[in-house]
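Common to both upcoming complexes is subunit A, partnered first by subunit B, then by subunit C.
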Partner chain A sequence: MKARDIFKNYLFILPAVAIFSVFYIYPFFKVFALSLCQWDGIAQFDFAKSFIWFRNFSELFRDRIWWQAMLQAGYITLIALTFQNALALTLALACDRDIKGGNIYRVIFYLPPVLSEIVVGLVWRWIYDGNYGLLNYWLQNIGLSRLVTDWLSNPNTALTCVAIIHCWKGFGWGFIIFLAGLQTIPRQLYEVARVDGASSWQLFKNVTMPLMVPVFILVSILTILGTMQVFVLILSMTNGGPGYHTEVPVTRILASMVGSSRFGYACSQGIVFGAILLVISFMQIRLSKYMRQA
Partner chain B sequence: MREGVRYKIERFFKDTLIHIFLIIVSVTCIFPLLWMIGSSLKTQQTVFSDMRIIPAHPVWGNFYAAWTRGGFGVYFLNSVFYTVTVVFGIMIISSLAAFAFSRLRFPGKNILFYMFLAAMMIPLPGSFVPLYVLMTKLHLINTRIGYILCMINVGLSFSIYLLKTFFDQLPAELEDTARIDGCSRLGIWWNVALPLAKPAIAVIVIFNSLNVWNEYILATLIFSSKSLMPLQRGLMMFQGAHITQYPLLMAGMTMTTLPIVLVYLLMQRHIIKGITAGAVVG
Partner chain C sequence: MKCLDRKFRLFFMPCFFGVFLSVFISGCGSRDNIGANPRENAVKPVITVWHWMSDRENALLELAKRYESEKGVRVNFELYAPSDMYAQKVRAAAQTNTLPDIFGILGEKRDFASFVNAGYVYDLTEEMDKDGGAWKGQLFEKAISVNEFGEGNDFNVKPGIYGVPIDVTNIQMLYNRDLLRSAGLDPENPPKTFLEWIEANRKLKEKNIQGLAGGWGETWMIDCLASNYAFNIMGKDKVLDTIRGVVPYTDPDWIKVFGLFKQMADEGMLAGGVVTMVNKTAEQLFANGKAAFALNGSWCVNVYRGMNPDLNYGVILPPKASDSYPMAIWGGAGSSFMVNKRSGNADEAIRFLKWLTGAQQQIYLAKETQNLPSNRYSLKEIPMVLSQFADDMDNVTRPSFWGASEFPVVTEALGKGIQSIIIGEKSPEQLADELQALKDREMARKGRSPVT
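Now for the complex of A and B:
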């Protein structure tokens, strides 16, 4: 092959590689450099002058609000893993049996994931509102006035309310993946098992479940990665409040950057959080390999 | 015979129960949207007292007021502009690269391709911090082109991956005939590869459109002039400045949502395909 040809071939990937290098690779390494510095984002950046070793990290490990935010993201994730995925699976099982209008349901369930987090957050924020919200209005009308509260300003309810909306927005996505997984299971397997006298529960336990394990693992990895990094929904619903009760890691990173102009600290938060996410997904991939062997 | 009847009755009851369950879930999916649209048709006086979903006397003027006084006209046109340019850019750049990764030979091909793949797999929370620093350095902060380039980068990896796997499945004979006919590589890309890749390109266009239309955080960090902001950012601005003007806010949100819902309803088949493809990558 002539050098000219090779050069021409490179031209095809040049725009992609150029944009990718500037807007992905450079920031990727910049994060590591900045995480070792103390820098307000305004002054001229001088690595040697602002270098402070690992002080950002040691401060981060003692930052109670940061770990509280991590736990709160974990709480939302736990609800998404159980409640949201259970709902998604139930709906997928219901739509997998040749039910009338299955396609209409599918279209409707995927509607919330299509909407923007800002719109979803603002609509629900108003429904939850303490004074004018629809939720309180209904509770009063059906005689449950004692439950009435300012849902998103009450420290006891705010986080769970946000988590529920996160699940509301996300279950349609899990539903689609589960349904796609269920539809790859050959129908003959069910028929054979049924001829052998298996009950519906036995079918589910012995045919559906084992074949769906890879799909379960996939959905749970993506649920964890997606939910831990949730933040736009929170910005539009509570902005982290009341107090720090709905803060999550990414809102803390944003607060370090925009709120207190500590760019170095924000980067160290990003690295620690990214590493935690990477460890979680590795553990789950290992687990899935182990389960496939067993 | 008796068994059959019993089975049918059982099946009927089961199906009815399942339908009831599915309908309840469907209603919770649609209700907030109806509530939003209904509220955008109420007046400032009735919006807190009239709890009917669709008001008796709808006020369409809210849309006009939101479009002009609320500034949503500017935000809307900005969003359309960003979505069209970013998606067009992604389509051209990613299909060129995917075509090369699938069909052309050059040193370092695999390493470069894995680099794009790795970008999809390694989570980088808070990547907006260094990106903001970079944009300031390049004087791209508060510019349209800065935002467009950032958003092209966001959609690039997934699109290249999807198109490459699609090109890999195309038979090589097709381009051989084109080559014999004297087509250049660029000609093969434009005349053979792109038209054949229509299904994959449809997925890319729809997914990236949704993504750009709904993007919030980069728009927040990059733009400080109202005249450049897209809808999502505009909604949060309006919400912060006029917290009690619910009918106008809801009208703005309806304007933000309706185009997305329409595109979704028209294209839902491609979207479903894209989700499954996207999940398999992760």
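Now for the complex of A and C:
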């Protein structure tokens, strides 16, 4: 290849490299540098003056509230991985058949994800409200008054209530991806299996499931990454309360950054959180490769 | 066609990239400040003001119009709401040196101090003291205190006044006269002590009326009531000694303060869901007669007028729990403006703020926005409820007056801990131990010796 061609090629990728460097690589290193500093986000940043080695990280590993928030995000993720995705798959299977008004169902199931998260949070906050809430009103009307409670102020129910709404809001994404995956499976496979006398369960277990493995992995990765970063719903529904019962990592990062003016510590939280998500993603990719080979 | 394509790639792509790069690089450059073009200013000065007060936007725009017609100086009020976003914008602007001529700082006193120490805020002391302190003299002293750093303050700020209050506020207890009457209580004689309050709540409960509604999902409102009672039970000096690390949170007086919240929860004195309630919901509950008491700031007068113009309510100090010290309430400057020290229009900006805090403008602002004016000579035309708020300005205190501030993590843990007491998860003693452990840790981190 001539030098001129090589130069030309590099010239073409230069804009992309510049954008990637400015908006991804530089911020990453900046955040990492800040995570090694004690800085309030207001005074002019002086690396040498504010450098404190890895003290933010060592404090973070001893921060009980941070790990509680991480566990709580894990709990919401677990519910999303199981119930949300099970619901999404069930509805995708139902819509994959030639049913009347299938497109209408698709639109309806895809509605929650396109709604504004803050609006969803506020509406559900009102539904769960102990004073005015629709949920308590319905429970009283159907004779279940003993279940009436302040759903979001009760430490036993607050996190689960938020998790349920997160699932309701998010199942549409899984539904669309599952449906797309189901529609790529050749129909002939089902027909052949039916001719061989396979039952519906056997069709699902031996045809649908193996061919959907890559889709399951994709949906799980997206679910974990999306759910661990849940934030707006929490902010609009409980603001992390009661106590610390609905705190999640992103609300803690915000509390450090805005509430305590500890930018350095917030950056170290961001780095650790990002690293955890990265490890989970890598593990899932490895798992996906292993399952494909199996 | 192929030739054209090649020409396009060889000519237009580098051009496109060049344009992108120059726009990007020029966008990254810092400006000395907005509106600081001396040539432009020499012709027609323009003052830029950033604020977050969406409820006051129209009134401020009207005042800007009046100022332009009177003085020939244009004032651009730029609204950035909500307040969280505004606070971030101001911080980002400080980093890029693009703060406007006038801005407000939202946050704790230490944030304010950081802005001052970083050289972003004009020292207004000289202006305030000019002509025998004419400007200072017309403003409420407590409102100025919020913007003042005293001698030997913990923030290492040069003593002085660094902000101008445009209105004042305080947070008190409100009671619904009609609900008290329906429970057989005398609305002209609302509870003055904690015990009377408990008794009143028992009667309200008999009539299925909820007690106190407050936005305690926002922990600063819990912190506010806890401070009120701390001042009442142990006095200002002991509270400040706790902040300075001399008195521990495990002191019996602090346990007494936390115990009041347990008592409120045990007696059913709080509205359902109070621990995650936002202030807007609490305001709705009180305005709609679903709660007999509320803890709210003087800004609520405007809010309640919008929600229920017929609401019949009064204002009282929180019922005192002890006779040892007077009850203190949070308050001071509601909103303050600071002048950008690096602005080319600083003198013009100061002239505008002097005009804005003048009696006539303050009367207009108070009338339009139902907020307490910062000018003490503008109280004549305000509604009765608002004047009840104004009557107790002498009881006002606020962390920003104290010259020392608690570690934010301790403040957060205090608010969250009281939420835990209310839901029955923690005892006052447990919270005291946790707070003290946190305090010791923070003090050690700052290189100060712990109390315990």
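By definition in this document, the second predicted complex is superposed on the first by the 269 of 294 C-alpha atoms of A that agree within 3 Å, B and C clash if a C-alpha of one lies under 4 Å from a C-alpha of the other, contacts with A are read in each partner's own complex, and residues count from 1 in each chain.
Quick note on the criterion: a residue touches a chain if its C-beta (ideal position, glycine included) is under 8 Å from a C-beta of that chain, and two chains touch if they have at least 3 such contacts.
Keep in mind that this is a model prediction, so the values were computed, not measured.
With the C-alpha superposition on subunit A as described, subunit C and subunit B clash in the combined arrangement. Between subunit B and subunit C, the partner in contact with more residues of subunit A is B.
Within the superposed three-chain model, A:244 lies in touch with subunit C and out of touch with subunit B [touch as defined at top]. In the superposed pair of complexes, A:22 makes contact with subunit B and with subunit C alike.
When the two complexes are overlaid on their common chain A, residue A:222 makes contact with subunit B while staying clear of subunit C. Of the two partner chains placed around the shared chain by superposition, subunit B is the only one that A:112 touches, whereas subunit C remains out of contact.
When both complexes are overlaid on chain A, the residue A:34 reaches subunit B alone and has no touch with subunit C. Contacts of A:167 after superposition: neither subunit B nor subunit C is touched.
Of the two partner chains placed by superposition, A:207 touches none, neither subunit B nor subunit C. Once the two complexes are laid over each other on the shared chain, residue contacts for A:12 go to subunit B and to subunit C alike. In the superposed model, A:266 lies in contact with subunit B only, and not with subunit C. Once the two complexes are overlaid on chain A, the subunit A residues touched by subunit B in the first and by subunit C in the second are 8, 12, 15, 22, 41, 45, 258.
Contacts from subunit A toward subunit B in the complex involve residues 1, 6, 8-10, 12-13, 15-17, 19-20, 22-28, 30-31, 34, 41, 45, 87, 90-91, 94-95, 97, 99-101, 105-112, 114-120, 122-124, 126-127, 132, 134, 137, 168, 172-173, 176-177, 180, 218-219, 221-222, 225, 229, 231-232, 235-236, 249-250, 253-254, 257-258, 263, 266-267, 269-270, 273-274, 277-278, 281.
Interface of subunit B with subunit A (complex): residues 15, 18-19, 21-22, 25-26, 28-30, 32-33, 35-36, 39, 48, 51, 92-94, 96-97, 99-101, 104-107, 112, 115-116, 119, 122-134, 136, 149-150, 152-153, 156-157, 160, 185, 189, 210, 213-214, 216-217, 221, 232, 235-236, 239, 246, 249, 253, 256-257, 260-261, 264-265, 268, 271-272, 275-276, 279-280, 282.
Across the complex, subunit A is touched by residues 9-10, 13-14, 16-17, 20-21, 24, 84, 87-88, 91, 94-95, 107-108, 110-111, 114-115, 117-118, 210, 217-219, 271-278, 281, 285, 290, 408-409, 412, 416-417, 419-420, 422-423, 425-426, 445 of subunit C. Residues of subunit A touching subunit C in their complex: 8, 11-12, 14-15, 18, 22, 40-45, 59, 129-131, 150, 152-155, 158, 237-244, 255, 258-262.
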